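Each in structure tokens, the structures are laid out below.
Across the two complexes that follow, chain A remains constant while its partner is chain B and subsequently chain C.
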Partner chain A sequence: MTQAQTTLTVRVPITGVAIIEISGEVTRDSDAALKDAYERVDPHARAIVLSFEDLEYMNSSGIGLLVTLLVRAQRARQRILACGLTEHYREIFELTRLDEVISIHDSEAAALAAAA
Partner chain B sequence: MSTQPDERAAGPWAAPIDRLAMTDGHINVSGRRPTAPMNGFGRMWQKTYRTALGAVTPQQAITVLKEHFPEFWPAGNRFFAPLAGIAPGEVAALDLTMPGGLKLSTGVLVLYADDESFTLMTPEGHMFAGWITFSAFTEDGQTWAQAQVLMRASDPLYELGMTFGGHRQEDRHWVHTLTSFAAHFGVEGEVAVETVCVDRRRQWGRARNIWHNAGIRSGLHMAGAPVRLVRGRRSPS
Partner chain C sequence: MAVTPRASVRRVVWRRSERTVPAPLAAEPQPQELLAGEEPFEIAPNDPLVAYLQAASGAIDLTRLDLDSPALQEMRAAGITLAIPLIANGELVGILNVGPRLSDQDYSADDHRLLEQLAAHAAPAVRVGQLVREQQVEIQARGRMEQELAVARLIQQNFLPKELPDLPGWQLAALYRPARAVGGDFYDVIELPEGRLGLVIGDVTDKGVPAAMVMAATRSVLRASAARLHEPGAVLARVNDSVCPDIPENMFVTCFYAVLDPASGALRYANAGHNVPLLHTPSGPAELRATGMPLGLMPGMSYEEKETVIDAGTTVLLYSDGLVEAHDARREMYGSARTASVLAGAPASSQSVIDELIAGLDRFADPAAEQEDDITLLVLRRRGDGALADFKLQSAPGNEREAMSRVAAAVDGIGLSPERIERLKTATAEATMNAMEHGNRYDPDLYVSIAVRSDGRRVSVSIVDHGGDRDMPMAPVPDIEEKLAGRQSPRGWGLFLIKSMVDAMHQESDGSRHTVVLEMTLEGGSDDADKP
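Take a look at the complex of A and B:
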């Protein structure tokens, strides 16, 4: 499989809430990196914020990976929130109806406030 | 926040759309909302079908697949390609043969299409909620074609049907499609199938999706054909 051009950083800014910062591209090659990032999150975290501030590109396979990540989080009773999406990717979230299950916020601060 | 996506990001995606629209009167398509895997009822499955294509680039492979897609389908099933071809935002009608000979009329939205892949998203009433991505890529020194479905059966009736034969029929459909596609390039290879249950839970809150069930509506439409014929003959010209 091609090397993913994705960088994922996991932070815990407040107790019980993790942030996964997504940089670069999210495509089918990002599968292992996304799974690894999710496994680095404390399984007892009640919410995970996906930060797309540095997202460069995401295709439909990448959206599929977000769906499977969402299912894993739902099984663990964790909320998924998103921040930093451009207007274009907000529209993609609406088109793919991800916005119905992932709450979208303008900024990391707004997402953390909603998750707290 | 950026409001001007670059062409690479924006170009392959369908424009925002709330409901599908078709002008040819194909039933079960116009007015239907596109559905994601989260909007279905049944267990969530990821099914991956993969075959080797030989000495062709991924771009050449996907160009051929877009242009000849209906020709690779098994007999008895029809994909009415949009006039503009498989391009972002286009809507294609489908007639599928179901177990028992029932014809299911439905459609798909081309959610995404670039040089190396395209994704078809199903509307309400389709047998499953979700999407299927066709892609070609180079791995281990050769080009591969892949179809990957991420889906939940749309409603309890479809879930029953998928459990008792529907999944097998779907597997046969995409194995046939990829086998025919590889044969186009002179390759006779096996299609590897990998099935993963992503979520075993059923979403009972989505049981009411049965209202849109295209199988039921196609059956009612077929049953009403004689009545429509008689009415058509009686109406003044």
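Take a look at the complex of A and C:
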């Protein structure tokens, strides 16, 4: 098993909204890293913005992990937003209907404005 | 010109030779060089006085000269009594003419000596002046010629295709390299109804602006005819009838015209006396021969029409005689045999056919000589039996990314849009992951074989693993609501993604191997694969 080439950074730019910056790959090897990042988010945060600005590759296993994250966030009554997706991944979000439960924005600023 | 102050002087325009000094110049000396009220006159090169002066050894008393010469009469009438030839390098370059002495006495022997010395000094200076003048005239003439060449080049550039169409399964490349004295070469690629493609190469005899204009006219007429008529022979006949009335005498146009049906590979062609296009097929060399007279010689000609099928792996070369008739330093021609041998070397692409031909030509041609004629090349290639890539990957997590990048490289430039390449990459990655995980169980000794093929209309990626003896796990069609509600596993997106990304996907098992084939249509590169 190779080590997941994933780096996740958590930021809190405004009270109640966390940003998880996803850099590199989102594959099944990202499981632990994603869980860890979610643990670092304040459980009382209203919204979590997933920034895909530096995403290189996400596959079906990675999408499965996003769904798992989404389930946890919904239980905690947190909204999930996304920004920085390329056209290709935006299309995949639409095909999988993830865009119906994750609101997609062009930029981090737009996502924060929507989350605030 | 030097004169003796006490004598009246008349300048005579002396045409050294018809060849080296153009007559108009000799007849129009700069005004400031003339004494007021003096008009120059000309001496015909064949006037006997010329030969006489050339042979004379000093000053000649015109009053006593007995010669049947119009020039002599004219000089006498102008009041010239003494003529001293100006000889430089043994050549008569001018005449120092003097009228009668103001004292009305004859010129003395001392006067003669003085004038002869003066002439001896003046002659080389006059010759230098003449040479400078000739040089100036030549520079002017060359300037005019350069200007004409620039116009001819401009016409050429404007009438050559700006870009070539992108044809799935085919490669087109072209080169036009003008000689300094631009010729009348041209080529064209015409997009016709029903996806057909017209290919044209031609050469107007003669060079420069007239040839460029005939080229432009021929090309335009051909485009118009090609749009109306299907048969290449009929098109050439129509073009011939159209250009015949207007083409300058002694000018004609050789032209090869073919219509390609990219879907079937059928190529119909006719030839108006142009160099016979060369073919290199997987089974050997061939030619596209069809008979017909060049365009513009006489109206009412008919053109033989032939048809062939361009198979996968075949290269067609249309060229102008600038290629085969280029000479080396020993005046040997490059020839079609050398050209054919480059084709037989099976260069990897249409562009590399051109690169190799030009490199070969530049090695061959006399480096001291400038390019003799325009060189025009148009290369059409049908991609070799569709194989774009074949490779194997070890079954290890993450290796699907290697599959993605190799498939992306293989399909580069075959007519898939960047968006569709991304989709094919994602589908390839998913299918490769399935093959490594479910088919080969990540056994590092088991490989996944991947082959990329194109038949010109469709690209396929087949992914083969060793799990043909068992059924693939079938996940239910993923539903985000079911997953969020916990009624479906969050996973199980792979097959759904594959099917969404490509135009078609099918699988087969033969008991030991399992194969997944992903297909994407090339034609039009349409972006409508959003099938659920």
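Just so it is clear, the second predicted complex is superposed on the first by the 114 of 116 C-alpha atoms of A that agree within 3 Å, B and C clash if a C-alpha of one lies under 4 Å from a C-alpha of the other, contacts with A are read in each partner's own complex, and residues count from 1 in each chain.
Basically, a contact is a pair of C-beta atoms (placed from the backbone, for glycine too) under 8 Å apart; a residue touches a chain by one contact, two chains touch by 3 or more.
Remember, it's a predicted structure, so these values are computed and weren't measured experimentally.
Once both complexes are superposed on chain A, the partners chain B and chain C clash. Of the two partner chains placed by the overlay, chain B and chain C both lie in contact with A:S60.
In the superposed pair of complexes, A:D106 makes contact with chain B only, with no contact to chain C. In the superposition on chain A, A:L98 contacts both chain B and chain C. Contacts of A:R75 after superposition on the shared chain: chain B is touched, whereas chain C is not. Overlaying the two complexes on chain A leaves one chain B stretch of 23-31, 77-85, 185-193 or 221-229 clashing with chain C, which is 77-85. Shared contact residues of chain A with chain B and chain C: 1-2, 28, 57, 59-61, 64, 67-68, 70-71, 74, 87-88, 91-92, 95-98, 100-101. Only residues 1-2, 28, 56-61, 64, 67-68, 70-71, 74-75, 86-89, 91-92, 94-98, 100-101, 106 of chain A touch chain B when the two sit together in their complex.
Interface residues of chain A, counted against chain C in their complex, comprise 1-2, 27-29, 57, 59-61, 63-65, 67-68, 70-71, 74, 87-88, 91-92, 95-98, 100-101. Across the interface of their complex, chain A is touched by residues 1-3, 5, 8-10, 12-14, 16-17, 34-39, 44, 46, 111-112, 114, 117, 119, 121, 131, 133, 135, 137, 139, 148, 150, 198-199 of chain B.
Residues 396-398, 400-401, 404, 419, 422-423, 426, 429-430, 433, 478, 480, 483-484, 486, 489-494, 496-497, 500, 530, 532 of chain C are the ones that touch chain A when the two sit in their complex.
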